[in-house]
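Both complexes shown next keep chain A, but they swap its partner, so chain B is in the first and chain C is in the second.
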Partner chain A sequence: MRIVVPIKAVPDLVEEIELTSDETDIDREFLKFVVSEWDAQALEEALLVKDACGAEVVAVGLASDPDIDQALYTAIAKGADAAVRLTGGAADSVLTSDRAALLAGYLATEPADLVITGVQASDDLDGQLPPMLAAYLRQPHVSVVVGVVATADGVTVRQEFAGGRVHELAVRLPAVVGIQAARQAPRYAPITRIRQAMQAGGVREVAAEPAPAGQAPAVRRMYRPEQTSHAQMLTGSADDVAEAIAGLLRDRGLVKG
Partner chain B sequence: MTPRLVIGGLIMLAGLGLAGARLSWLARLVRAGQPAPGRLAGVPARVSAELAEVLGQRKLFKRWRSGAPHALVFWGFLILLFTIIEALGDTFVSRKFAIPLIGHFWLLGLVEDLFTVIVLAGLAVFTVTRLVESPRRRGKASRFYGSHTTAAWLTLGMIALVMITLLGYRAAQVNTGDFPYGRAAFASYALAAPLRSLGTGANSVIETVLLLANLAVIMGFGVFVTYSKHLHIVMAPLNVAFSRRPRALGALGELPAVSEAGTPQLELLTWKQRLDTLTCTECGRCQSACPAWNSGQPLSPKLLIMGLRDGLLDAAGHSPAAGDGAAVIGRDVLWSCTTCGACVEQCPVDIEHVDTIVHLRRQLVDSGELEPAVQQVLQNDAAQGNTFGKSGRMRARWTKGLDFPVKDARKEPVRSLWFVGDFASFDERLQELSRSLARILREAGVDFGMLFDGERDDGNDVRRIGEEGLFQMLAEQNMESLRAATFEEIFTTDPHTFNTLRNEYPAFGLDKPVLHYSQLLGRLLTEGAIAVQPLSLRVTYHDPCYLARHNRLTDPPRQVLAKLGCELVEMPRNGLNTFCCGAGGGRIWMTEPAQTERPSENRIREAVALGVDHFVVACPKDFVMYTDAVKTTGNEDKITVIDLVQLVDLARRQVAALETV
Partner chain C sequence: MTRNVLVLAEHDGKQIAESTYELIGAARGLAAAMGGQAEVALLGPRDLAGQLGGADVVVSVEHQALAQYLPQACELALLAVLAQRSPRLVLMSSATPGLDLGAAISVHWQAPLAPNVAAIEVAGDTIVATAQILGGKILAELELPGERAVATVTGGAFPAAAGRGEGPPEVVEIAPPAGLDDLAMSLAAVSEPQGGDVDITTAELLVSVGRGIESQDNVELVQELGDVLGVPLSASRPVVDAGWLPKSRQVGKSGLKVKPKAYLAFGISGAPEHLEGMRDAELIIACNTDATAPIFDIAHYGTTVDLFDLVPALTEKLSQ
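Right after this comes the complex of A and B.
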């Protein structure tokens, strides 16, 4: 089974993110980028499938993503069999639809039995990538998945719903899966192994032709997060603090009396 | 004397043969270990270690109550080597045998008798020690918990038999008229008196029997030694000779190449680490000093070394399949270590526990066996160069609270470069201390600067977690910034930073002196660059492990306290015997284990018992750990944790207050 794991570099949210002067994008110039946490979960789930039944796992990133090589070599260090850096398409686009089109173009030339990717990203919170990719590929799709197990004629996936309820679905391959969480915390890639992977140079560059895309939206304006209320530090003796807490609870109608 | 010759010969052949075969098997086992380079470098230091630690028994005297009798028994054994030569001569040469050159000089007879009695007295002390410290009585608080106590009793018994048979045949010789020494051999004569009435014939038989028994017990003991923890009498001189000099603290030891993933633990060990395990005498000094063991965690340095030894002997003694990859030492044991070095400091035979633990941790890291919290810290560190999960550009933000700019050493030359470190830069409780230090230095006219966002985590603790690759990367990044800066010396806030910059960065090209801020403050106070008024406080001082044990710096902070007019009351565990706060070796980021009492709480209780008002620290991690421990032990009204910088600041403000009056 060939499992392709598209991974994406997103700004490290510990950074102070600034908007560009025209307020249609964030200023990427000085930002650090890290692998989207859901993509890290997707890679882990793919590696668990590989550990269980010997699949071939290929991590795929877009050459236009900052620091993507680091992410791809990390994937190799964790146990991916190969890594691909995609070029082509609208290189500087940040739109999920463009990303899906380029990945679909690549998958048309090097097809996968199963695509496992993050259900969402910090800049794709509505989780568009997996369904769009499935639509381009005309393949079945399941998102918010918390476990993938290979079976004789496909995979069984566990899909999570609100309140902790879980669906178990049998999916015929090829298919696209959006991962919410892997069955275990993503494994650690020691820096020595990542450096060894870098020296071995296992990332292959592939020029892909994006699938014909429909009408894409344009960003009109971005907004800074609204400042919400700050934490209030209570000081003084234990009695004073207790008094203050009781007062606050009373004022907000949370307790009576 | 044919029977004497034949029986004696058989005893010698059997003993030497059995012990020799076992020793050569053990030698092969040691030599099969991984390479350990540099173990023969610096011969003079090795010779002097051999003299001080083996002949002088230096480290044993750290516990003089058992150390002094041990030294006497050891010296006794050296003297009694003469009696063995004489016994062999008596048996195989003639009853008139004398050691060449020395002959039957009266002093030798006296010394031999004297040490026979001393050794017997030493055995009595050991017996009492073992009864008092018995693990049956004291459980895990006993340093002998987990040691082979039966073998230890057997050892004491055999040594006693050697002494008794020795005195016995000498006494019989007195009565047969064959004893070559005069009355100076007082013990032999004393024992001869009650035997005299048996007559010369009976005494002659007793002499032969006891002489042969003496040889038999010595040979039996020799064989027993090679199969027991008492092997240290052979291995300790070797282990001391090959140990890291001056000590296995400070920088980490040699780094064997990264092994294939999944290599069995035992196969990772270098030959020196294997020798360490065979040398262990199970005395448990390390165990009683270990902060992990003392807080009820699974690690005992002694049991770790014994576990590796048992694993090695089992794997080698049975089939090769015994080394099938099963870990001999569990993960929870390895992760319990704070790398404080108390075990290494205590070990009388120079076992290098910390190096071995970090070595085995590297293998865990290599196979990704890390708890998620630590993974997160390491990933943040790799991405942003700090362990706080903050943006690397925020590193120097704390300087915004100063009303003067701090120089960027990459842009203008400075005399002293401040390597601030993660904790003093990012922890809000410590940022105020950093600002205080900055103000003190400015007022003292120190020409100092920083690397700002060019500074990364120093990597000391990352390396001790076992993430060697990340340490190398951080060190290279820091060196890049350091090369871009112009300075004459570096000073650090954190003793852990100090340790790696001073001892490990030279391998990456750092060639400037490295100071800890306590040294810098001491210098400034001595020069009179900081005006202070005596504080007249009663304080105790906690030595940070990485300042005291790892770098032998115990005086500078005490000198600062003296200059500030503080009355220092020492805790029982001070200086090189300091007790770790529990934060080192990456433990500060790990989930708190199930434990009976936090090491930091144990330490605060030790300090509170002194009746002092202030607990002085000189390490940012200590400040955090002990401030918490004072709260969790409910001692907030009894003792206050205060950093050396805060004390200097107080003393300085007193001057300012006087001036405004």
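Right after this comes the complex of A and C.
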């Protein structure tokens, strides 16, 4: 079984996000980028399928994503069999529709039995990748998945609903799966192994012909949430703040004394 | 093309989800502004239509593959509904059905999609949706021009009361599309979440911990605070996914909704999916070293003091 795992670099949310001067996009220039946390979960789940039944796992990134090589080599260090850096089309677009179209073009030439990718990315503006990619590929899809197990005639996936209810679905391949969480926390790749992968140079660059992309909304403006209801900030030393919080709880009769 | 707004009903085969009423309320307002009506696509048991009195019309597709949510079946049935009803706008909740179907419907029905929508309005011939992006740190105002559009809406964005209504609505039946008899997937089993050792939904006070805690060992630190207060620990999703606390402690969209008298959040950023589960707490006190964390937009009190300094200090204060 060939499993393709598309991964995306997204802004690290720990950083303060600035907007461009026309306020229709975020300013990417000084941002730190990290692999989307749900794509990291997707890679882990793909590797778990490989561990269980010997699948071939291929990580795929878009060449224009910041620091994507580092992410691809990390995927190899974790156990991916190969990695692909995609060029072509609107490869520098942040829109899911353009990214899905390029990935669909790639998958038309190097098909996968199973695509496993993150349920969403924090910067999705026009929809989530798994259902959109599946639509371009005309394949079935299941998203918000918390487990994938290979079976004799396909995969069994666990799809999660509000409150933690889970549906177990039997799915024929090919198919696209969107991962909410892997069955275990993503494995760790030692830095020495990432360096080894980089020295071996296993990332292959592929130029893909994008499928025709669908429609996307137009951004009018971006802004920070109104700060009108902002919290009253408690300042001072940890001790001062602890005293203030203890007071708030005591006032409401939530602690003794 | 009509000027109607169509809501995808979410259900578990027996009960219509709360989020559906929120969407029907929104649909009524938007449809009124456009001069159309609020319709609901009910894919599954037709007798659930009785719970949808808030809609002008319920469009019903019944088939055994639709008894409970099944992605491919729902997608084909919804496309059949859209082909017949031609709404101006489709609303889905950005829970599992919306995350799973929204973007595929956008491709097959050839309509732009706005995800994670927190507000939506009609401006002339254009629909303008406000999407929460980057974990709620930024809002993006998106224009959905043209003849048709799809929006997936964040839970809690609209009041559910406005979507409830008395009496049975008009029901329009649509024949199930042929594809439903030949699907690439089937539902094998349904499992309900395991009850936990404690019920966080009944606690008056919750001490909640997020990814800022960094490791399982550090959870112990917050546990000491919980012990002193005599309350259970709750958590954001990543803490549960990492296996540091059981699923029964998860607050949020895919966890539990809580409404304690006070909610203490340590190292939680306040992503929309988390806020969905705790925004109705009477008092929210948040500790986060990032002054721009969205949790501060809904917290009553906040502090940027490091949790590793604050938690021990608070534990000490409260054990005196």
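The definition used in the following text is that the second predicted complex is superposed on the first by the 222 of 257 C-alpha atoms of A that agree within 3 Å, B and C clash if a C-alpha of one lies under 4 Å from a C-alpha of the other, contacts with A are read in each partner's own complex, and residues count from 1 in each chain.
Keep in mind that, in the parts below, a contact is a pair of C-beta atoms (placed from the backbone, for glycine too) under 8 Å apart; a residue touches a chain by one contact, two chains touch by 3 or more.
Source: prediction; values computed, not measured.
Engineer: Under the stated touch criterion, name the partner, chain B or chain C, that contacts more residues in chain A.
Structural biologist: Higher number of touched chain A residues: C.
Engineer: Using the superposition on chain A described above, determine whether A:32 touches chain B (first), chain C (second), both, or neither.
Structural biologist: First partner only.
Engineer: Would you sort A:194 into first (chain B), second (chain C), both or neither based on which partner it touches?
Structural biologist: So A:194 only meets chain B here.
Engineer: Quick one: classify A:252 as touching chain B (first), chain C (second), both or neither.
Structural biologist: second
Engineer: Please indicate which partner A:141 is in contact with in the superposed arrangement: first for chain B, second for chain C, both, or neither.
Structural biologist: Only chain C is touched by A:141; chain B is not.
Engineer: Let me test your reading of the model: by the given contact rule, A:185 touches which partner, first (chain B), second (chain C), both or neither?
Structural biologist: Both partners, chain B and chain C.
Engineer: Does the superposition put A:110 against chain B (first), chain C (second), both, or neither?
Structural biologist: Neither chain B nor chain C is touched by A:110.
Engineer: Applying the touch criterion given at the start, work out whether A:131 contacts chain B, chain C, both or neither, answering first, second, both or neither.
Structural biologist: In the superposition, A:131 contacts chain C only.
Engineer: After superposition on the shared chain, which partner residues are touched by A:16: those of chain B (first), chain C (second), both, or neither?
Structural biologist: both
Engineer: Shared contact residues on chain A for chain B and chain C?
Structural biologist: Chain A residues touching both partners: 14, 16, 185.
Engineer: Mind listing the chain C positions that touch chain A in their complex?
Structural biologist: So the residues of chain C in touch with chain A come to 12, 17, 19, 68-72, 95-96, 99-104, 106-108, 110-116, 128-129, 131, 133-146, 149, 155, 183-193, 204-205, 229, 237-238, 241-243, 247, 250, 253-256, 261-262, 264, 269, 283-286, 290, 292, 294, 296-306, 309-310, 312-314, 316-318, 320.
Engineer: Which bits of chain A are touching chain C when the two form their complex?
Structural biologist: Per the stated touch rule, the residues are 11, 13-14, 16-17, 19, 26, 37, 41, 96, 119-120, 122-132, 134-136, 140-144, 156, 159-172, 175, 178, 180-182, 184-185, 214-227, 229-235, 237-239, 241-246, 248-249, 252, 254-255, 257.
Engineer: Report the residues of chain B in contact with chain A in the complex, numbered from low to high.
Structural biologist: 258, 365-366, 368, 370, 372, 375, 378-380, 382-384, 389-393, 467-470, 472-473
Engineer: Over in the complex, which chain A residues touch chain B? Could you list them?
Structural biologist: So the residues of chain A touching chain B come out as 12, 14-16, 30, 32, 34, 78, 185-195.
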